[in-house]
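Dropping the structures in below, format is structure tokens.
Look for subunit A in each of the two complexes below; its partner is subunit B in the first and subunit C in the second.
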Partner chain A sequence: MRRPDPKIVRWGILIALLVAWELVPRMGLLPELFLPRLSKTLTVLWIDLDKYWAALLVTLYEVVLAMVIACGLGIVAGATIGGIAVLRDLLLPVFSSLYAVPIVILYPIFTAWFGIGSQSKVMFAGIYGFFPVMLSTAAGIRTIDPQFLLAARSMGATVTQQITKVIIPASLPTVFGGLRLGGALAIIGVIVAEMLTASAGIGYLVTLNRTILDSPRVFAGILCILVLSVAYDIIARRLERRMVVWQSAGRRQQQASPRPIAQGAPAPAAA
Partner chain B sequence: MKRWQIILVRMAILALVLGAWELAPRMGFVNPMLLPPLSEVLAMLKTQIARPVVQEAIMITALEVIVAFIIAVPIGAAAGVAIAEFPYAGAIFKPMLFYVFSIPKSIFLPMFILIFGIGFQQKVAYAAFTTAFVVLMSATAAVESVKSDYILVARSFGATPLQILRRVYVPSMMPVLLETLRISMIFNFTGVMIAEMYASRTGIGHLISNWGENFQMPQLFAGVIMLAVVAIAFNETVRFLEARCSTWRT
Partner chain C sequence: MQYVADMKGAQTAGAAIDIDRVSHVYAGPEGGVQALSDVSMKVGAGRFIVIVGPSGCGKTSLLMMMAGLRDHTEGRIHVHGAPIPKPDPERVGVIFQEASLFPWLTTFDNIEFPLSLRGMSREERRRRSEPMLSLVGLSGFGERYPHELSGGMKQRVSIARGLVQDPPVLLMDEPFAALDEQTRMTMGHELLRIWSTTNKTVVFITHSLTEAVYLADEVYVMSPRPGRMIDHIMVDLPRPRTYEMMATDTFGRLRDRIWQQIRKSH
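Up next is the complex of A and B:
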């Protein structure tokens, strides 16, 4: 028997999940308080659309700022620490130990320092994304083939030329990988922070509706966040593929797992 | 740099950071209300640890972390091995899991609260849920890290599946397995903390978020230091074991 294409099976599973979301509560297998049916959730979302849209914009604003912190500082720090042998020996193990600390416990400090507005979310999510981005950049920067540098040097390239012609192009895949990871973590960080203590944003909306047990509105918020993070992932991966496509020119396109789950590289956060 | 030099410089950096923490609030560079001096925080840590309320909270949190870990690891590992060993299942589920991985799991907290309430069960269920994904991803990577040549050789010498498991898989996966456990534990701890900070009546995460809300900065910093020390100590212990295990691997 020929097995169906995995892609079709995936869509099938997605559709089955959506149908189950509608049917399971409708048939009374689960109380509507636990899982309001899909149609009801979508109706509520449609009614309160401008409210959700406004909250989503607040969240997006925070995510963008946090991403700038996480990616900007993370990539620069990672490249510096990973690229310079002395710093690498000195600091990299320290940062990997610090990575073990659950950063979410710092959030109360940030709310005490920066208030419950956007600023504390941006700072928290920025720090949340910083460590993994820095560690993965530091790991990636070391994968640059030293032969390239040797070749450039023996042909008389100056230090500036070495940086602009060899190091920067060779580290682009790492940088884009870091950007994607940083953005995903910024989204997670902002959502977590908004759910804990906030006065605006989509995470706040979820928590607010949870405390008044308004399940359809909770699930409408969850749906918004799901769409946001999956859309981000798709866009980021597509951009990444386009930007680094020449990197693999002449080589067979690597397929299977597009995201390396190499050992040593920190896994993305699962909060 | 030599080993002792590295250690010396690291110690110096640590001393610098801790010294700045102590001196900056005392000299008035930062508001001591916002950043209490280190000595004050450490004194507070001592008094807090002596309090029965805090001790009880620590016990509850520790129990939640352990139970969630025990639940999450077998489930995640079984699913991860299945995905790695059956290419068809991998082709279907792997791309999906990447998406699931980038979703903030905390958005499912309200569901866990609706189903389990805000007690012990909800913390365990949520943390196990988030951890299982991490275990799954790492377990897949661990199985795929076993060189297929080794399996081929073992099989051509007539090894039984059990022998292949014991003589090929376990030894070559050992360092990765320890790393898997370490990373999963980090996420597990984070999961319990988020759940406790979100909605809870007990546990150290609940205390921390309470101290933050009441602007009790010495208590808050004491709690953060305590948790950070526990997390780093655990992480370093397992990393030490990892380093020892990987010496006998090719």
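Up next is the complex of A and C:
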């Protein structure tokens, strides 16, 4: 049997969910307080568009800054720790354990230090997203095939050239995996922080409307967050695919049915 | 090339590779591991040399030293009249067992890698890599990535990369070990064709005695660790070599002699 096109499946699921969102409350299967119908949600979103748009911009601003911190610090720290054996043995276990700690418990401290404005969200989400970036960068550098470096050295590569022409491209796929996860965590971090203590942002709007039991406006906020995360995921995937052509191509080929690539020695082509 | 003159000189005056009483101990607990013991060999320019020996006897170590990739504790190694304290791609090209091509580069970019290290312009690089690609029979595959090539094709690219800087000496560490037997035979034959057009000095490590006799002008046999040279066999089969020669008595006798030497040394 032929497998259905994953693209069609994806869209099918999305449309089914949206239809269910409209029909389930309409048919009274769930009270509208728990799940307001889609049309109502969209209507309030339309009415309050200015408000939601302003909140989304605040959130976006915080997310972008948090991502910069997470990726920047994560790559630098990961490269340092992954590249230097002593640091790796000392620090990597510590960071791996820290990664497992729910850092949300530290958020009150962040608000005490940085106030309830954007700064505390950015710092918190930045550190939240930092860990996967740092760990995967360290892993990417650690797991480079030493044969690559030996070959590069035999061709006369200097230390700088070994870094720029071998270590960086070789670790890119692993690093990118961490960047994608780190970016996602940065979004989660900002939203969660906004929901806990804030005066602006989409997360704040959700919490605010929840306390006054305005379900359609809560769900309008959730919809914005969904769109934001999905958009991020699509962009990140695109970027990743473009940056590591060789890797994704290799993966695609393994998945596809065996394509008859040229086997053994081709007839020597006289050029 | 500047080394062509040297090579001609070397044929009469000295050797392309001159290894003089080299020993090596890998540092480690309990005095370390002695990998090589008093190894000497002289390789004439343009010769095809094969080294055989049991696993762990130090063949790779010796090759690394000739490439300037590893130090040795005692003795002297000269390549074209000078020591080789660090890799010098204009003197020595190395081809490894695993093709060790960079998976993020196309065939062209892989072959041109050593040239790009020296900051050569794109046009100049392409001008140099194109003939190499056709020399190894892969014209038209320049834009492919390694994962799109078969094992034999990857090893051809690897050979092209070793040749692109036109070093007078080519070192090959079991380059065809990962290939199936048929591909391996064709590759050996191809290598001889390429070698005969380029005039390189080749040092080739293998575990296959048939491959050794088929390819070599001279075969060196090493003892188990610590590696010493225990035999030096001249292969006086005519060139170009043909597959039919493998069935001849001379071929059998040479292969047998190598085998006896390796067996005796255990």
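Basically, the second predicted complex is superposed on the first by the 234 of 271 C-alpha atoms of A that agree within 3 Å, B and C clash if a C-alpha of one lies under 4 Å from a C-alpha of the other, contacts with A are read in each partner's own complex, and residues count from 1 in each chain.
The rule is simple: contacts are C-beta pairs under 8 Å (C-beta built on N, C-alpha and C of every residue); 3 or more make two chains touch, one makes a residue touch a chain.
As the structure is a prediction and not an experimental result, all values here were calculated from the model.
In the superposed model, A:L239 lies in contact with neither subunit B nor subunit C. Once the two complexes are laid over each other on the shared chain, residue contacts for A:R153 go to subunit C alone; subunit B is not touched.
By the touch criterion stated above, A:L172 is placed in contact with subunit C alone, subunit B being left untouched. Of the two partner chains, neither subunit B nor subunit C is touched by A:V76.
Touch criterion not met for A:L23: it reaches neither subunit B nor subunit C. In the superposed model, A:Q161 lies in contact with subunit C only, and not with subunit B.
Touch criterion met: A:I187 reaches subunit B, while subunit C stays clear of it. Taking subunit A as the reference chain, the count of touched residues is higher for B when subunit B and subunit C are set side by side. Look at A:I225: by the touch rule set out above, it reaches subunit B but stays clear of subunit C.
Shared contact residues of subunit A, touching subunit B in one structure and subunit C in the other: 261-263, 266-271. Residues 1, 6, 9-10, 13, 34, 88, 91-92, 94-96, 98-99, 101-111, 113-115, 130-131, 133-134, 137-138, 140-141, 145, 176, 179, 183, 186-187, 189-191, 193-194, 197-198, 205, 208-209, 211-213, 215, 217, 220-221, 223-224, 227-228, 231-232, 234-236, 239 of subunit B are the ones that touch subunit A when the two sit in their complex. In the complex of the two chains, the subunit C residues touching subunit A come out as 67, 69, 87-89, 92-94, 96, 98, 100, 102-105, 113-114, 116-118, 130-131, 133-134, 137-141, 145-150, 152-153, 156, 161, 165, 180, 182-183, 186-187, 190. Of all residues in subunit A, those touching subunit B in their complex are 3, 6, 9-10, 13, 33-35, 86, 89-90, 94, 97-109, 111-113, 184, 187-188, 191-192, 195-197, 203, 206-207, 210, 213, 215, 218, 221-222, 225-226, 229-230, 232-233, 256-259, 261-263, 266-271. Of all residues in subunit A, those touching subunit C in their complex are 145, 147-148, 150-158, 161, 165-166, 169-170, 172, 244-247, 249-250, 253, 261-271.
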